[in-house]
Amino acid sequence: MSGAVPAAPVVFDAQGLDALIAALADAGREVFGPVRRDGAVVYEEVASSADFPKGWIDEQSGGHYRLRQEGEAYFGATLGPQGWKRILHPPKQTLWRTEGTGEETKIIREPLDETRRAFIGARACDLAAIAAQDRVLIEGPYRDPHYAARRANLFIVAVNCTRSADTCFCTSMNTGPKATKGYDIALTELDGGRFLAEAASDEGLALLATLPTRPATTDDESAAEAGIDRARDQQRRIDTEGLPALLKERPDHPRWSEVAQRCLNCANCTMVCPTCFCTTVDEVTSLDGPETERVNSWASCFTVDFSHVHGGAVRPGAKSRYRQWMTHKLATWVDQFGEMGCVGCGRCISWCPVGIDITEEAAALRKEGG
Amino acid sequence: MTGRPRLAVWKFSSCDGCQLSLLDCEDEVLAVANAIEIAYFPEATRRDDDGGNYDISFVEGSVTTPHEAEAIKDIRARSTTLITIGACATSGGIQALKNGASTKDFIDAVYAHPEFITTLDTATPISDHVKVDFELRGCPISKTHLIELIAATLAGRAPQTPAHATCIECKMAGHVCVMVAEGKPCLGPVTHAGCGALCPGYARGCYGCFGPKETPNTASLSARLAENGADRRQIKRLYATFNTNAPAFREEAKAHD
Amino acid sequence: MTDTTIKVDMLARVEGEGAFKVVVRDGRITATEFRIFEPPRFFEAFLRGRDHSEAPDITARICGICPVAYQMSSVQAMEMALGVEVSQPIKDLRRMLYCGEWIESHVLHAAMLHAPDFLGYASAIDMANDGHAATVKLALDYKKIGNAIVTLLGGREIHPINVKVGGWWKAPKKRDMLALREELMRALDMAEAFVDFTASLPFPDKERDYHMVCIEEPNGLYPMYEGTRLISNRGLDIPATAFNDHFDEHHVKQSNALQGRTKAGGAYLTGPLPRYNLAYEKLSERAKAAAVRAGLGREVKNPYRSIVVRAVESLFAVEEAIRLIEDYEEFDPAAVAITPRAGTGMGASEAPRGMLFHQYTLEEDGSIATAQIVPPTAQNQPSIEEDLAELIADELDRPHEEIQWLCEQTIRNYDPCISCATHFLDLTIDRA
Amino acid sequence: MHAPDPHTDPMVPVIARVTGRTRELSDVVTFEMEVEGWPGFAPGQFNMLSVFGVGEIPISISGPVSDTTRIIHTIRDVGPVSHALAALSPGAVLGLRGPYGAPWPVQAARGRDVVVIAGGLGLAPVRPILYELMENRDAYGKVTLLYGARSPAEILFEKELGDWRSRLDMGVEVTVDRATNAWHGHVGVVTALLRGADFTPANTTAFVCGPEIMMRFGADGLTDLGVAATDIHLSMERNMQCGIGLCGHCQLGPVFVCKDGPVFDWATMKPLMRIKEL
């Protein structure tokens, strides 16, 4: 994704979409996009536009997610349970293994995954989340080379949202619903299975040029903007003004205890959160040889083990674990990385089995009372 | 432990499934037999208990008879490390459903000559009777855990059998949450990880084989199950199954009597 | 050796805890006793009041080695009680799941638990360490295929989670089935080799004239999943629902265990021998050929050769699973809808070690009013005792240790699954 | 053996070799080890040490900065990894990543009085400070070491403490929580020794290391005497899986203990340490 490439938007139809997938595949990329599985939209490999959940939309609220048939759109369903994190920062990553024993021990680093991939259908909040993980895993003093390798080989076709779920609040977080950076091509779905496409990288531009397109008209462009505006209007809001300072100043607000009564400390919110990056390193040994392996796995600040030090956990209580999560997302992330760790995707709201709602909790914590 | 540690496998009231897991490790069982001396394992070998000491004892099953209550003490005395395997041994197992019920009624229901039955009124975990060094959860245990436990014990590290929620495994496996996406009751949020979130992967809710997780918030989950349409009896049954005697589940079931 | 008692207090290499005693007076066997001291676990009692939908998961816990059998008999009984008919694809998958259990359980028993008897080892591990490593390795690899079937369809090898009253929770993906087919194709050679291995064992030359009982399937298939009728080599031919009219569970004073007998009081045999003898024609050609090569006649009355029959049945199960995969198409929904109602239902299927009968009555709300579970080992118990009396009678001048081992081997012919002590009695009172 | 190459694959350790081992206490061992291409370290930094097959943990470097070849660690056997480490003998190999973390700002204290307060094993991470002070004694003002151990039997580096105590240019006081009959020294918490110590608060830099509660009392005591919060430095301990800011475990509110610390000043820590279970 080099250089901003100002180029006039073009329009293509479903055939163009298939041509796009084919062109990406021809370029040696594994192409991922939304598909319908087990009652939800998940990001998996796609072969053609027929794999997309055309005509399905999602209904989301606290602890609730349903797909139903409505309309004709390919990208009518907004966000699935898990973001692109699964692919870029997978649940398990081998780091290295040993060979031989004693003096002869050799450390073999795990080869980097340099598969060329393309994502089709990343939303603006997804792009913001990827950027947030970049900041942690690539742009810090040390980088995660596995993540960096996957990232370096990634091509992103973003899709601007023309409808929002009830749980979306990207507008409040300034991350969407329109993609503004971090993509190669951005699509906006228009009526009748047509797409307005804009390239933002040389590779994206070159690719668009190979597709059967026509230049976009002003009507196309205003229809696209209208769709995005509609999505913006459908959203809930969270008031972020002064929120970081406020959260940090109120570690003993009674609301934390109240939410701890409801929170299952099941960690779903951190698992589905597209910016949560935490991992634990585990040792894997075999029974019949000296070889050992170090494997990194997703971890969550909702577990007791997460804060284990000799003598016990730092955060044994459910209250302090919920507080860590929410404060990290909305407050301390700013100290650490200069922006909030929440992109407003709302996944933590939908996929919390008991429907705990970060926007509602933030609002409650604003109220004095503790 | 000098040389290969000596292993004994003991059975109390149970279905045999957990010790069978050892034989189900087709790829590893011979390696296990090389790494440790399988000194007593009546399910697999005719070799008698020699009355000596064992470095590691795996204990399957719960204590349900006066004889078992005595036997476990002797086993403890002869074992350096005593590890319970499975829900029966760690929480009492399904047979603990008789706890609280009238054993006499149960006997009458099943047997023609109740007077011949010698049994305790309860099925209790091994840890109610003797000190247990490590507990492996599950009904049945996961064979990956079993191998991990043996490998970790041999390597001198703590086995990785985290006590967090099944939901973590569920999300790591990429399953779609059946509770959120389908409204099915799922015990995953209060259940100890270990199975790899099998049930949600098969489109059903977790039924709690691995027993309560660390700091389980069963009350909050029950409230949600009720909102989703489960009645008190269903909720009670959910908790009162394979780990019915695990305190957190027992209390929650009782709250729905 | 005139007066002696051969006694084994802890019978090894069986599932669960059993013991036996043979009393010899004046050179004659005067009493035999096969006892099961597996503590009672009261399944039939605590099933009462549970929901019908819980039966497959709960009854699976009766036995860790044949949980599928419990699930299969219980879902059929429940579906009958609820008046639902499941589709053929649902039944086919259940049969395939059963194939997995047969392979895994038969091979485990034959190779790991029973073969050491024939070869004079304490365990399969000793066998492996003493020149039989290749055979044990073969058996483990082969058994793993059985487990792979159960794992794909059921979720895990022990206490599978995918079986549901009305069908399945989730039907497998065709591509996963096809991948499994590849493994099964590779297993065919192992299956053949395993038959040949069992055939190579030295067999005591003994036969008995058993009353052999097994289920009959409605569609001409080898007896396994769907027992609509019960048949025997002595002319029994009844609907499975009439089980309780023809069989009883006696409470015999001497042994103090519930024992399955015919109403006339006779012992009967269930398991591989009856299935083979009564349904030989329904085996695949390849399985029949393997049986011939293994020296099995059209009729097998030597109980020690049950180990060969198990190997033949396992080969059959591999082929059967392949056939079922080839016929498989994904289906959705994976289960038929259930409306609770009062009713009574029975289910009979063939666990690897014999016929397993379930009967339930349900209340209006679909909860269980009564449960009856008759496991194969309960049914075979009288037969086991008769075997001990008859098959050992002319071996009494052999050394004690040899007789004892022969007795154990004889009991292990049955692959008795003692943990299924749904209602075996504790026999401590009999020790006097 | 290859030189640490932190930017290409910072989670992959290099092979280190144990060259020396000294038993300090019944459960504490000091190791010397070497690594090819060791870049040296600053006082207060730590390494991630790996025992193959067991695991990896953070351990502070307890040797002198001036020793550029030997890497010295003092380890208490408390759990699986530290136990396996403590069992290593000379010749053994282990994995090493580091050095990591923000150091004690010792050099910045030149020209000032220095107070070092350590509790228990906390003496190990501050030992590099003491070496620096001794080696460049003239560069500093008055130097005070206050050390507390649970009992006389648990006094770490006893011989060195004796040597330092016999120097005239340094005040060394040792206290124990529980005395034995043979003990004639101070009894009680280490912070109580502050009152008798000789330093000019306004011109003092303090380094504090030990259990969290002791550090809190120590820092409060120093503040009460007039030492500025920005001149009091503590070394924090949190769970660390990576040591380099990627794993998230060591967060303490807004900071990562591994990369922003482990050494922090009291101005930063005071508001954070006030919060329960942060």
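Order of writing sets the chain letters: A, B, C and D. Residues in each chain are counted from 1.
What we mean here is this: contacts are C-beta pairs under 8 Å (C-beta built on N, C-alpha and C of every residue); 3 or more make two chains touch, one makes a residue touch a chain.
Just so it is clear, the structure is predicted and the values come from calculations on it, not from any experiment.
Taking the mean of each chain's C-alpha atoms, the chain closest to the overall C-alpha centroid is B. The chain with its Cα centroid farthest from the Cα centroid of subunit B is D.
Each of A-D and B-D has its own count of C-beta contacts, and the greater count is at A-D.
One inter-chain figure worth recording: subunit A and subunit D are separated by 40 Å, centre to centre, where each centre is the mean of the chain's CA atoms. As a whole-number value, the distance joining the C-alpha centres of subunit B and subunit D reads 43 Å.
Distance between subunit C and subunit D, defined via averaged C-alpha coordinates, is recorded as 65 Å. Annotation: 51 Å between the Cα-based centres of subunit A and subunit C.
Those residues of subunit A in touch with two or more other chains are numbered 283, 285, 316. Residue numbers of subunit D whose C-beta contacts span two or more other chains: 53-55, 79.
The set of subunit B residues touching two or more other chains comprises 155, 157, 203. Chain pairs that touch one another are A-B, A-D, B-C, B-D.
Subunit D meets subunit B in the complex at residues 53-55, 79-81, 83-84.
The touching residues of subunit B, counted against subunit C in their complex, run 11-21, 23-24, 26-27, 29-30, 33, 38, 41-48, 64-65, 67-68, 93-95, 97-98, 101, 105-107, 109-113, 116-119, 139-140, 195, 198-199, 201-204, 207, 209, 234, 237, 241-242. Residue ranges on subunit A touching subunit D, taken from their complex, read 95-96, 98, 102-103, 105, 107, 109, 136-137, 140-145, 248, 251-252, 277-281, 283, 285, 290, 292, 294, 296, 299, 301, 306-310, 314-317, 319-320, 324, 327-328, 331-332, 335-336.
Put simply, subunit C touches subunit B in their complex at residues 10-17, 38-42, 44-46, 48, 50-51, 54, 57-58, 61-65, 67, 104, 108, 112-113, 116, 122-126, 128, 133, 136-137, 140-141, 143-144, 147, 155-159, 161-162, 164, 169-170, 251, 256, 258, 334, 408, 419, 422-423, 425-426, 428-429. Those residues of subunit D lying in contact with subunit A across their complex are 6-15, 50, 52-56, 78-79, 82, 91-93, 95, 237-239, 241-242, 244-249, 251, 253-256, 259, 275-278.
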